[in-house]
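Order as written gives the chain letters A, B and C; numbering starts at 1 within each chain.
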Amino acid sequence: MTPDLSFWTMQTLNALQLSMLLFLLSVGLTVIFGLMHFVNLAHGALYALGAYFAATLASHAGFWVALLLAPLGVAVVGMALYGGLIQRMRKSGPMAQVLVTFGLIFVLLDLTRIFWGDLALAITPPAILAGRVDILGVGYPAYRLFIIALGLGIFAALALILSRTQIGAMIRAGVDNDDMAACMGINVERLFFIVFCVGCGLAGLAGAVAAPLLSVTPGMGLEILIPTLIVIVIGGLGSLKGAIAGSLIYGFVQTFGAVLLPGVASILIYALLAAVLLLKPVGLFPAKG
Amino acid sequence: MLETRNLDKSFGAIHVTRNVSLKLERGERRVILGPNGAGKTTLFNQLVGEIVPDKGQILLAGEDVTALPVAKRARRGLSRSYQKNTLFDGLTVEENLALAASVHAGVSMTLWRDALQSVQVRAIVEEVANQVNLMPYIHAKVSEISYGVRRQLEVGVALATKPLVLLMDEPTSGVGPEMAKGFHDLLAGLPRDLTILIIEHDMDLAFAVADTITVLNYGEVVFDGLPEDARGSKLLRDIYLGAWEDA
Amino acid sequence: MFRHTPLRYAALIILFSGALFTAFTAGYFGMEILTEILILAILVLALDLVAGFGGMVSLAHGALMGLGAYAFVALATKAGLDPWVAASAAVAITAGTGWVIGAICARSHGIYFIMATLAFGQMGYSYFFEQSFFGGDDGMVGPRRFDLGFIGINLNDSRSFALFCLAILGVIYLVAMAILRSGLGRSLTGVTHNEKRMRALGLNVWRVKADVFGLSGAMAGIAGVLAAQHIMFISPKMLHWTVSGEALVVVILGGLGTLVGPLVGAVAFVVMKHELSHVTTYWHLIVGLVLIAVVMSRANGIFGFIEARFRPKTDRMIQSIQTRDDAKEIAKDA
């Protein structure tokens, strides 16, 4: 195979598409961590839940309804989790949080198996996104382009919300300094609740958009968890910039590694993570110094 | 024994240490006075290496230690106690002292042998426990002794590394006047060749134990001299008492 | 600091005699379960040493165990070494690897430490998954078991092998205890309590962490060698991070930082897994719920719960007085 322009275009688009999917997942996780110092390992399970919701809804009401309602459904599950578990675990150490959410992975995994069975589900993308679009001579699936656009759109929207709105300022203050945020009269509890639910909703959205791309299986949450964690640790916990940077790094290293250095591709990303932690123990763009 | 040359440190726009030069002779006992926020603890943190100064040098026994990490400085003979107790709560007084002594005795990394069984460690523990009057509590857990005794242990742990220079950050903070008197006796019992630098809020105690006095204000040395001279100094009164009354 | 209480001695005696009793009465299947418990117990002792006493929550221990298994099998079958030599070399390799991981991760704390160890563990997993020399994702067939013929023991008999594992576990327990009581163990306690203070006392903190991680790695390696001999087959799955995650669950379920607790946890976990998987395919759901309940109950696992129950009344009173004192002190500090 001689790499030519179409090869590079194709792989760049693949890398971007993977990056954007990871971004949707990691941004919620990282902001929740930055704000609440909470490690939610069950974030991947919520992504799987989003995919299952989408698969069920799509077969009854079509893709677009599924894309809209699945994230909302996951956000509602997030609300229940927050009230039942997360709120009580906030003051516990990272280890207790890791373990409770690890237990939650087990529970959610088996619940999806009970409700949807062990067989993989599939949904087809809507007709309008079913074809291919010609980019620099490459016929690229329209649906993958849609994911890239959606990711960039969400990134832009979040950047705007964080920098321009009052709630964005509150989140930034909260990530920067918990005490200060409380002193400024911010209702910290409500802020946490909103951010947690939005984060869960974004995980659900990632699951819903990933569903037509991959087959929907109970294990998909566990599979995506490690890449998501790598993204946020490389990027640095708590920052939007870190989430997008980490996602892009992961997406490109993984995609190009797989085609250019097939033997060591899977080791490459872990070596990169180890190297980052060695040189910058708190990631590339942490929210706090 | 301990010397700083033009030490300077800023955190962003806040200048916490300005051009501080100090010189402590062997066996000298110096008290650092100054209002809250004068940069006393920040100075300590730079001396032991927990904070890196922007400019200047720190010399220990004539050698430049500015670039050395905390642990290496400690092994060269610089030890400190903290303003807030940093003891090992689940352990006994003896074990607390032994932890510190084992580093000096070189048994902190041994396998198969309990550091407490080391003859050298036992000797240091006993010596220090006598110096800081901890013998009656030697087998008590930290959680079982009173706050005042914990303050004594805080100094004891620092002493158990057998330092050349001992830095004490407000050793009497939070204890009553009687205990503060006891602290005076404790200092009197320490070897005369040990160089001691103390941050102290209690002026009477400071004048009672100090050979020399340094006054810091806004990170700057504004007085450096004998207690007699400090006592009469209007400058000191204005800065220190003024700030004291304001607070 | 590790201390043996009468309750801990009692638990050890019960566990040991239970294991002996099972070994002499159980059938083939029970013997397999017993051996599984014993090997898991070695792994979780190794993990408790770093996580419970050193505050280093490792997600690399499954990989260290797997590395020990792979090194042993490769050296014994591919290089044709005597099983004893191969096993010693394999344990030396995991000790060295553990030491390096510990040294590199010593600067990281909390979630970053967890992630850093995860990265190293997954690196190992990916490596063995990809390398066709080591059988790739098909794994490898294990070698013969140790030959104890010279003292008249045939380890191919499952009872003998179970007893052999029990003996190794006993030795490792004693070693772990000795380490905790040694100078290194005391330094580790100090570092876990207050790393900054230990540094100010002149301690080489990273060396303490690396040394303990290396020793723990050696124990995980021993578990790997035994696992390879037990099931006589190894696959990259042994190195996957979920193995480390499960080991961590066992430690927590049993009681972190008690040495005895993780042993209880290993028994509870394996028995629960086997019993539940008879009843339902959804046994993970129940394990997950139990785990959540244990962590949220704030008790230090099953054994911590029992210890809290059995603690003499006077002790409890002293503690309640202390908590009040501490509260006062905190109020004063503020």
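Note that a contact is a pair of C-beta atoms (placed from the backbone, for glycine too) under 8 Å apart; a residue touches a chain by one contact, two chains touch by 3 or more.
These numbers come from a predicted model, not from an experiment.
Enquirer: Just to be sure I understand: going only through chains that touch, what's the smallest number of steps from chain A to chain B?
Expert: Steps on the shortest route: 2.
Enquirer: Would you identify the chain whose C-alpha centroid lies closest to the centroid of all protein C-alpha atoms displayed?
Expert: Taking the mean of all protein C-alpha atoms as reference, the closest chain is C.
Enquirer: Please identify the chain with the largest separation between its CA centroid and the CA centroid of chain A.
Expert: Relative to chain A, the chain with the farthest C-alpha centre is B.
Enquirer: Can you work out the whole-Å distance between the CA centroids of chain A and chain B?
Expert: 49
Enquirer: Averaging over Cα atoms per chain, report the distance between chain A and chain C in Å.
Expert: The mean C-alpha positions of chain A and chain C differ by 32 Å.
Enquirer: CA centre of chain B versus CA centre of chain C: separation in Å?
Expert: Here chain B and chain C have centroids separated by 41 Å.
Enquirer: Mind listing the chain B positions that touch chain C in their complex?
Expert: The contact residues of chain B facing chain C are 48, 50, 69-72, 74-75, 79-80, 82, 84, 86, 88-91, 95, 98-100, 102-104, 107-116, 118, 143-144, 147, 157, 161, 174.
Enquirer: Looking at the complex, which residues from chain A come into contact with chain C?
Expert: Touch residues, chain A against chain C: 33, 39, 85, 88-89, 92, 94-96, 98-100, 102-107, 109-111, 113-114, 222, 226, 229-230, 233, 237, 263-264, 266-267, 270-271, 273-274, 277-278, 281-283.
Enquirer: Within their complex, state which residues of chain C touch chain A.
Expert: Touch residues, chain C against chain A: 51, 57, 104-105, 107-108, 110-112, 114-116, 118-120, 122-123, 126-127, 129-130, 241-242, 245, 248-249, 252, 281-282, 284-285, 287-292, 295-296.
Enquirer: With touch defined as at the start, can you tell me which chain C residues reach chain B in the complex?
Expert: Listed in rising order, the residues of chain C that touch chain B are 1, 178-179, 181-184, 186-187, 189-190, 193-194, 196-205, 207-208, 211, 318-319, 322, 325-326, 329, 332-333.
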